[in-house]
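Look at the two complexes coming up: subunit A is in both, with subunit B in one and subunit C in the other.
Up next is the complex of A and B:
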């Protein structure tokens, strides 16, 4: 069958069990490899510590992938008021929120895991709450356009009718309240996941760097923070871009039919984060 | 107490600098046509509408600003390590990043516009000469203000991230906030100024952007002049509020409830913004009314 004859849209977004099982099996093999490296002493901290670190990195990545699907992104059509959502790219907006969360989480890291994770989640949600508000202010007071969804008849939260508020020839515009709430939840999950990855890597590097021998005691924390920050940001981008591919362009938020595609992105995030997490941990391996 | 007062002062200063950065970022991206509305600038010649609008969107605003701010932060950090005065170090970093932005803008305009030659779109050398420097000037302001915010976070506030890492975080957030808030105003309100006010652009009008001004053809610099009246300040307010509340909630309330104070205050601020958003949404529905009779 030629590429033209194939119908890529027929099963776009549907969950595909066989590739998903293969992805999960590869991820399990990578986790097992990390366990082996920990038990053999190549990775510092012991087998269980290595296992816990990698598993929590994978959990953080899954949270990010799930969170990206909540963020209402309209891309170029939203910039012309032709579609609802925020007028920028999925990956970049989600990453912006996630990194703002990571900033807060890293700042609170010394106060304990619970505070750091909560602070990271709130940081991401706060960034999205302000951005989404300014988007609506821009539409309403700058352009005189009310918010309207193109995917649902009624806003699932407020019950507001949507169809009559869509201007002619468009699929809706602005951010109806459900999309606003979706944006905040997306920032919450993004900040939480990003901070979890950062803290796990920070603890791992703090345990692993002294064993390398060539890093002075005074520099260990600075180097750990730098390495954990770079890898956390890098992994955030990987997961956000994977999720953006799953969304394919635009999404209105949790009420959009595309939202149901999230399990596929989570599977992809599990595999990608297992690879990236293992590579990040091998930076301090004792070969 | 003194520490908290200094913290409040730095928070206010960082918020103000971020507001300047956001406004300059959005104006720069609109003059250079780098946001999502650039899809129409690229599409217009393909629909038979040749124009003199600048066209440098080879990447989105967030990654572009991540590159420039991080570059400036990295160079500034290197100079700081050499013992150079902080303001001078930040200026050195910003100047280098601005030159990179200029090279990026020039090559992007030439490349993107040349790719439209088969549709009859000329490459205007006078546009390169007149517009590139204006985008560079705005980029300088945006980058300088953001690097200064990062420097304040690293030194006075004591965030554990190094300056280049803060550059990645806040460069990306700057681009994300600026493009999210400013793009619709540039796209809907300026590129499609000939369409009805108070309604989205019909999909059938895609590509038919406004190409003529009061006298002659429209210049991209006029686009910056137009969007600086609303899109720019709105983007500045957005980025300024993000930086301000992120710092304010932590500096003032982190000492309460073993760190949970900052989390609770952050959650309260989110709820307040949510209520304001709902009010704005309802206000628009009541005052503007539906486009058609409600079913």
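Up next is the complex of A and C:
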């Protein structure tokens, strides 16, 4: 049913200047509110620590929103071999890649920020690389179709001609090289952003929970891990779904015309993560 | 994007379903809180009714939102609902330090505020241009918060932050085996998100009927409650956990039998079309 109705309007892809400016202003107000809460001692750790945490959460969310646009999403048409991409929705794919990265990064959290971020990014990229490889194996050897893009004449990286391999009546099929590369880059950004949000929230809760009165047990870190983990998953899903709404269904990868819509998703991610991040940080507020 | 495809003619209008679902959910949560306050945990099974009430509401909202064709499939709406709902839920749970009575209403209000932001972003910044978008996403965030709160009550018997963040093992308070610390909340997150997005996703189409979709929502709610009741053996007393489990199994069985009957009712009407009868000759 949604496929019938999904006819984008004339200006569906255009940037919205006035709402975007309003969104950025609201986000700045929320960041300023966080700074004020930090300086007045309601949020533990001091004003600069609170400011840094929220800003890095916003940066992580922007990375996720940017990364989602690289992932080749085929949806239901791809399952029938009538469109290029991986045969599921944006939200599921981004969640798979991002959470794989998040778990990788969370495992390496005690080894320092750099190792954790690299581990998260590589975890997400690896997940997408394996997914793309298995998708192409099942397309080529299972369904007997070659990989061809319907949106470009030549593959932007390898220069291979696409039109000769494209079946008539389809928009292309399989995963061309550029889509594969896009998927890996998308996983890289998604895992990096998700891990950044997780690490920042983890450090924040480690500082904030003892001030709230949760002391006396040696395993306070486990509570921070649980809280930061579930918040990172929640925020990741919110950002991924908002980016999916921006793409409206399917995208082939970085060569798709829809890829140019990403500034709008980044603005959306900045405001959404400012709201969600502030509420998440208020969990350890001292009222 | 704002082309509306009518899913079905609803017997009960959306606003009425919303009020019914929200009232069932809030009343059940408050009954469970009475149990917490007087110090008994065998009222924990009311959390399951709270989750079912929230899911009925959310199911109707998803039906209304997805009749416009959001282009990303129905499951994304369920994920968005619980992603924003869990943030509102945990903030509301910490407000339980002030008074435990404000937690359900605070969760509802905070989720509505977060949801209004997200809905405005989708509609204006991302230019979705769907008339019910802002309201629907706000409602979905509230549904996510209430359903998660309900599952949390089934598992732990309480809605306060201390109750879901700590657990007493042999008289020692520890965090790493608690509802949050052990990651049980992630299980209830996924159970709730799938229970929210599945009913309409499974029933949508020309033959979609409101009573059948709602019955599937109730069935999914009780099915998730069975798993939460099994988990609750760790957190609440044995009697309370058995009560939750038996209530959940009875609720699931009754709703499943009714759903099956409704499916047979609607399926028989569909079979008369006989799409391939000519081709086989």
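Annotations for the structure displayed:
Here, the second predicted complex is superposed on the first by the 274 of 287 C-alpha atoms of A that agree within 3 Å, B and C clash if a C-alpha of one lies under 4 Å from a C-alpha of the other, contacts with A are read in each partner's own complex, and residues count from 1 in each chain.
Everything below uses one rule, namely that contacts are C-beta pairs under 8 Å (C-beta built on N, C-alpha and C of every residue); 3 or more make two chains touch, one makes a residue touch a chain.
From a predicted model like this one, the values you see are computed outputs, not experimental measurements.
Once subunit A is used to superpose the two complexes, subunit B occupies space that clashes with subunit C.
By the document's definition of touching, both partners, subunit B and subunit C, reach A:226. Using the contact criterion defined above for the overlaid structures, shared-chain residue A:115 touches subunit B, although it does not reach subunit C. Contacts of A:152 after superposition: neither subunit B nor subunit C is touched. Contacts of A:75 after superposition on the shared chain: both subunit B and subunit C are touched. Contacts of A:283 after superposition on the shared chain: subunit C is touched, whereas subunit B is not. When the two structures are aligned on the shared chain, A:129 is found in touch with subunit B, with no touch to subunit C.
Within the superposed three-chain model, A:43 lies out of touch with both subunit B and subunit C [touch as defined at top]. Shared-chain residue A:92: touches subunit B and subunit C both.
None of the stretches 111-119, 147-155 or 255-263 of subunit B clash with subunit C in the superposition except 111-119. Once both structures are placed on chain A, subunit A residues 75, 89, 92, 95, 222, 225-226, 229-230, 233 are touched by subunit B and, in the other complex, by subunit C.
Only residues 1-5, 7, 66-77, 79-80, 82-88, 90-91, 94-95, 97-98, 110, 114, 117-118, 121-122, 124-129, 161, 165-166, 172-176, 178, 180-183, 185-186, 189, 204-205 of subunit C touch subunit A when the two sit together in their complex. By the touch rule above, subunit A contacts subunit C in their complex via residues 1-9, 11-12, 14, 16, 19-20, 22-23, 26, 75, 89-92, 95, 214, 216-217, 219-220, 222-223, 225-227, 229-231, 233-238, 240-242, 244-249, 264-265, 267-268, 271-272, 275-276, 279-280, 282-285, 287.
Listing the residues of subunit A that touch subunit B in their complex gives 75-82, 86-89, 92-93, 95-97, 99-100, 102-104, 106-109, 111-112, 115, 118-119, 122-123, 125-127, 129-147, 158, 160-161, 163-177, 180-181, 184, 222, 225-226, 229-230, 233. Residues 35-37, 39-40, 60-63, 159-162, 165-166, 168-170, 172-173, 175-177, 179-189, 191-192, 196-206, 230-231, 234-235, 237-238, 241-242, 245-246, 249-250, 254, 258-260, 262-263, 266-267, 269-270, 273-274, 276-278, 280-281, 283-285, 288, 290-295 of subunit B are the ones touching subunit A in the complex.
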